[in-house]
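You will see chain A twice below: alongside chain B first, and alongside chain C after that.
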Partner chain A sequence: MIDLLKTEPAKVTEVVDEAPGLKTFVLEPRAPMEFDPGQFVLVSRHGVGESVFAISSHPSEGARIAVSVQAVGKHTNVLHELDPGESVGLRGPYGNSFPIDEWRGKRVHVIGGGIGLAPLRPVIYSLLDRKNEFEGLTLVYGARLPELLVYKPELESWKSGMDVHLTVDEATNGWTGKVGVVPKIVTDLKLAPSNAVAVICGPPVMIRFGHIALKDLGFKDEQIYTTLEMRMKCGVGLCGRCNVDHRYICKDGPVFRMDEIDSLG
Partner chain B sequence: MSWIVKDASELVEFLRTKGGVYGPAGDDRIVFDELGNGAPPNLSRLSDVSARNVFQPMTHYYLRFEDRPDTEVSFRDYDTTPRVVVGLRPCDVAALTVHDTVFAESGSYRALRDATAIVGLVCPAREEACFCDSVGVDPRSTDGMDAALTVAVGGGYVLAALTDKGRTLMSGAPFPESGDATAADFREADHPVLAAEGVPEALGRLREMEIWDEIGFACVNCRVCTYVCPTCHCFTVTDEVFGTEGGRAAVWDSCQSKSFTKEASGHNPRATKPARVRQRILHKYAYYPEVEGALMCGGCGRCIKGCPTGRNIVEELTLLKGGAAT
Partner chain C sequence: MRGVGPNAHIKREGWPEMKEVFIGRENLLRLIGRWAKDHRVYVPVTFDIMNHEETPDYQLVGDEIPEKLCLEGAALAHTPKSFLFYPREVVAKYPSSDSEAEVEAPPTILVGPRACDVRGIEKFDKVYWSTEHFTEEYDDPFVIEKRKNTYIVSLDCTAAKDSCFCTEVGGEPFPKGGFDVNLSPIEVGFILTVGSERGEKLMAGSDDLVSEVQPNHKEDRDRQRNSVIEAVKRQNAEYAVDVAYEKHELGEDQDAWAHVTQNCVACGACNRACPTCTCFILVDQRAKGGYERTRNWDTCLSIGYARTGGGGNSRPNLPSRLENRLRCKYEYSRDRYGLVTCTGCGRCIDVCMGLIDMREALKHVVTEKAKA
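Up next, the complex of A and B:
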C-alpha cells in the first residue's frame, strides 16, 4: 500500500498567525490540487511526522492549499516553525465532502467553534460564491476567548453576504459582542429548521450540545451535517485507526449527516 | 503435471533458481523467512506467525531523505523481483484474500503479489486450535495456490502445478513424475468448532458494552493475537532519523494497543481494554463481513495458540452469539 502514501513537495508561500498556538499555512502544491469543501490533506515535515488537516482554502484556488494548524503535538509544533519558502510533504485530497448542491434553495446555518471553522471555511466560500442559490446563509461562530477566533478579517468581510453571529465564552480584551457558548447562541437565535440545513464543526463537546440545541429547535438529524475527526495515519482507508463500525472516517467520511452517526464520543 | 519431491530442501534449492524463496523456518518458533540454500522449510506443523510479512513487510521504509530542510525525498517501492512462498496452508491462502481485498488499490501491493508464486501445502493434519472449516475453508483445498504440495504415502510430497504461474515456476524441475504416488490421509484431531453462520448479524445486534468486559477480562494487552494473524493488516506510519539519514516507514501496528487511536490532544476514542477487544472482534467478524460478505478470518487458530492467557476466539464468538440471541 506504500505507493498510496507517497508525498509530493509543496512550498509554504504564506504563514498567517491566527491565534495563540494557531497558524494557517498556505501551501503551493507542485500541481494545483482539485478538492471539494470538507476534504483533507496530509502534511508532513520529513523526519518528524505526518498529520491530517482539513483544507481551509477556497475550492476554486487549487494552487493555494491552506491548512490551519494548532500546535498540540510533536509534529504540529515543528510545523509551526516553518517559514515561507520552506517546503513540506503533501498528499491528498482525501475523504468525502459536504453535499452543497443538495442544499440549493434552502437556508444554510453554518455553526463553528474554535479551529472547527477550518473545514467550514471552504463551505462558506462556496456558499457565498453562489449565495443567490440559497434562501439565506447564517454563520454562528465562537471561541473560548476573543483572541482565539480565527480568520478574523474574513469574519468581517463575510458579514456583507451572510448573517454572522460571533460569540466568546468569556469576554476579555474589550469584547463587546455576544457572550456564551455556541450551542446557547444557537438556541437564543432560534435558528429556524424549516427548509434549512445546519453544518456544525467544533470541539466534540460543542458538537454534542450544538446537536442537542438544534434538535430542540426542531431540526431533524437528516438536516444536520458534521465532519468527524479521528487519529489517522494513511488517509486512504487502510491503516485501521479511524475504523468505526463498517466505515473508515477517512474514506467514508469525514463528512457525515447526523442520522448516519450512531453516537458521538 | 505433478512430481515426487522426496525432500523439501531439494525443492527449495530448485526454486531458488527461479527467485527468492520464503517459507516457514525455525524449530521452536516457526516464522516465514527467506530460505537459504539447503535450509529446509519446516512443514511439520502450522507456523506460529503467519506469512503476513511476506506480503506486508513488518517495517518498510518507503521514503528516504537527508535530515536537513528542503532535502530531496526518494520513494522506495516494495522489492518486486520474482519470488516463491512455500508451505502456505489453505487457511493462510484463504486469509490472503483479505489483503488482496484491502490493498486492491495499491499498485505496490499488486506488483508484490504478482511477483510471488505460491507453492502451498495441502494441510496434512488438524491441529488443536484449528477451526478452518468452521469459517468455510477446506483444509484440503488448493484454491489460490500456484502449485501444491501434498504429503505422500511413504514420505515425501506430491507436487502439482496448478496455474500457468505454477507451471512456469516448475519448468525444468529435476524431480521424477509422481506416477501413482498417493496422498496420505488427513489426520483429524479434536479442535474448536464455531457455528459461524449468523455471527456477523448477531454481533451487529450487540448493543451493551458489559459483555465486552467479560470477553476482554483476561486480555493483557500483549497484542500477540494481531501480530500472528494472517488477516490483520493495520499499520502505522513513522518517521525516524539515524544520524544524517532519515526515513518514513510503514510498520505493523495493532488495534489492541492503547496508543493506536490516542490523539495528540490526549483524547482516545478506544481508551479502554474492552473497547479495543471489541474493535478487533467486530472488525473481523462483523464490520468487514458487512462490506465484503466474508469473515476476516481463515480459521488458522494462531490467536488461540498464541494467547498467553488462553483466550479463545471460537469460545468468545459462541458466547457473543448467544448473548446477542437472548
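Up next, the complex of A and C:
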C-alpha cells in the first residue's frame, strides 16, 4: 500500500520558452518513469498547488519527462517562475493511452491546435520511430498566431518523416504559410478516411469543428481519437472532480474514441 | 492485500453464520462499557438546545455511558462517513524525508448507523476497495485503515423522520447486511444480530450478557419493522414516480433543472450531510518545517469545483451543478459502481436552508423527462 496522493521530487533540468506564456519544463524524476503516449502527470509546486499536464516527451526517455505549461492561473504562473535546478513534486503517470498498436497498417492523421499538440507529441515520436508500420503519417497543426506555434524546431524536423501542414488563424510576422483555422485546413486537404485514423487535440472549439470536418470527409467516430481534460485533484478516480457522466477522465480517459463520447460538454 | 480488507468479511446479503441473540437494555450498556475499554465507542445521544430537542448525534463514551443515550428513532444527524473520511486530514508532508503524514485510525465502534448509513458505507467500499476499479497501488491508507478499524453496530429504525425515504430507493429501515452487529429495539430489550466475523470478535467473551431469542421477540421485531416501513411509504406516497428508482433517467430540460434549483444557494450542506458524497479537494500549503497537503471534503455545488486554470468551467451555472449531483446519485454511480447512491436518509432535505426537497426535485425532473 502506498500513499497515492504523495508526490516524489523531480528536478527541473531544462526550461524551454515555446511561445508567449508557454514554457516546456524538462523534469528528471527520481527514477525513470515508464509511460505511454497520452498519459498525464500531476506536477506541484509545494505549498502552492498541483496541476495536471499531459506528458509531451518521448515515451522511451522516461528519465526526462517534459510537460508544456501555459500560464493561465495561480499555480501555472508560479510554475513559470521555475529555473533549471529547482525541484517540483511529480506523480503519475496516470490514465490510459493512445492505442498506437491498433493503428498499424493505417494512415494516421494527427491534428493539433495550439498547446493541444503537447499530448500528441509523444504520439508523433512513437509513430515516427515505427513509421514503416504505417501507411502514412500526416500532421495538421495550427495556432492563432505564428508565434504561438509550439515545438518549432521539431515541426521542421518532422517534415522528413511525415506530411506536415502548418497553419495560423492570422498571418503576422511575415508568415507565408497556410492561413485558416485547423478544421478548415483539414477540409481543404481532403484527408482520406479510407484505412485511416485521426487523432485530434486542441481547444474545445477546434475539436468540435475538427470533428465535424472529419465527419464531412467521411470519417466515422470509430476512426477518431481525442484526449480530454478536466480539472483534477487526485488523478486516480477518487476525488470525483473530473467526471463526464459516469466516467472519470483520469481513470477512463483521458484518451477517448469519438464514439465513446456523446457530447464534448 | 486484496481480499483481506473489510469486504472480505462483509456479506451484504446476510452472513451465512449470522447469529441472533437477545440482550436486555442493562446488559447492552454493560457490553458497550466493555467495548469502551479498548475502543473509542460512539453512541447516539439526544441534545437539548434552547429547550429544543435536536436530532440525536454521536457522542464519545467516556467513563460513563451518556445519560441521554437514544437507541430509538431514525438516522442520526451525522453520517458515519466522518469517521472513515475526515472532513480535513493531512495526507502528505514535504519534504517527506523529514516527516511523514501519519495515518490516524484508532479502533472505533460506532453504535447508531442506520440501514441508510450502512448502504452509504458500501459506496466507500466500492470507491476505495473495489477490485474492479482499483489495484493495490491505488489503495488509500487514510480511508482504508479507518474502515478496517471501524466497527459498525447498526440499529433498526423505530420511527421515520419526515424526510426519510429509504423505501423509495430500494432500502428498508433496517439493515440486512453490511454491519458487524445490528441491534433491533423491541419492547423488552434488543435482538442483537452478529453480521460478520468482525462482529463475532466484538461479541467474544460476552455470552454472559445474552440469551436465546424467543419467538415473541421476533414477532415484536417484525411488527416494529413493518410499521416503520409502512410509515416511510405512507409519507412518500405524494412523491411517487412511475419509474423504478434504479432505472431513473433524469430529464435534459434545462427549465426543469432551473426550477428545482431556484432556492439553492450552493452552500454544499447536502454534500456534507450525504452518506455517499465522497468527493474531496487537495490543498497544498505551508506548514511547520515545510509543506503539507490536506484532503478536504468538497462540494460539487460550488462554482469552483470544476473550474480550471484560465477560468474554464464545465458546469458554470448552479442548475447544471445540482443536475450533476442528482445524476451522480441516480445515474452515474449506478453506471460506474452498480449502486444507486441515494440511500433515502433524507439528510439533504433536513439541512437545506433553501428548503429544497430532493424528492420533489427528483419527481420534477423525472416527470419532465416522461412528458418530453
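FYI, the second predicted complex is superposed on the first by the 263 of 265 C-alpha atoms of A that agree within 3 Å, B and C clash if a C-alpha of one lies under 4 Å from a C-alpha of the other, contacts with A are read in each partner's own complex, and residues count from 1 in each chain.
Throughout what follows, contacts are C-beta pairs under 8 Å (C-beta built on N, C-alpha and C of every residue); 3 or more make two chains touch, one makes a residue touch a chain.
Note that the structure is a prediction, hence the values are computed from the model and not measured.
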Side-by-side fit of chain B and chain C on chain A, or clash: clash
Partner chain(s) touched by A:H46 [first = chain B, second = chain C, both, neither]: both
First, second, both or neither for A:E81, with chain B first and chain C second: neither
Partner chain in contact with A:E34 - chain B first, chain C second, else both or neither: neither
Chain B versus chain C as contact partner of A:E133, first or second or both or neither: neither
Partner chain(s) touched by A:K251 [first = chain B, second = chain C, both, neither]: second
Residues of chain A at both interfaces, chain B in one complex, chain C in the other: 1-7, 9, 44, 46-51, 72-73, 75-76, 89, 229-231, 233-234, 236, 238-241, 243-246, 265
List of chain C residues in touch with chain A within their complex: 1, 91-92, 94-96, 101, 127-128, 133-134, 136-142, 144, 278-282, 284-286, 290-291, 293, 295, 298, 300, 305-311, 314, 324, 327-328, 331-336
Of all residues in chain B, those that touch chain A in their complex: 56, 60, 62-63, 65, 67, 69-71, 73, 75, 77-78, 102-103, 105-109, 233-239, 241, 246, 248, 250, 253, 255, 260-265, 267, 269, 279, 282-283, 286-288, 290-291
Chain A residues within the chain B interface of the complex: 1-7, 9, 44, 46-51, 72-73, 75-76, 86-87, 89, 204, 229-231, 233-234, 236, 238-241, 243-246, 265
Residue ranges of chain A in contact with chain C within the complex: 1-7, 9, 44-51, 70, 72-76, 89, 229-231, 233-234, 236-241, 243-247, 251, 265
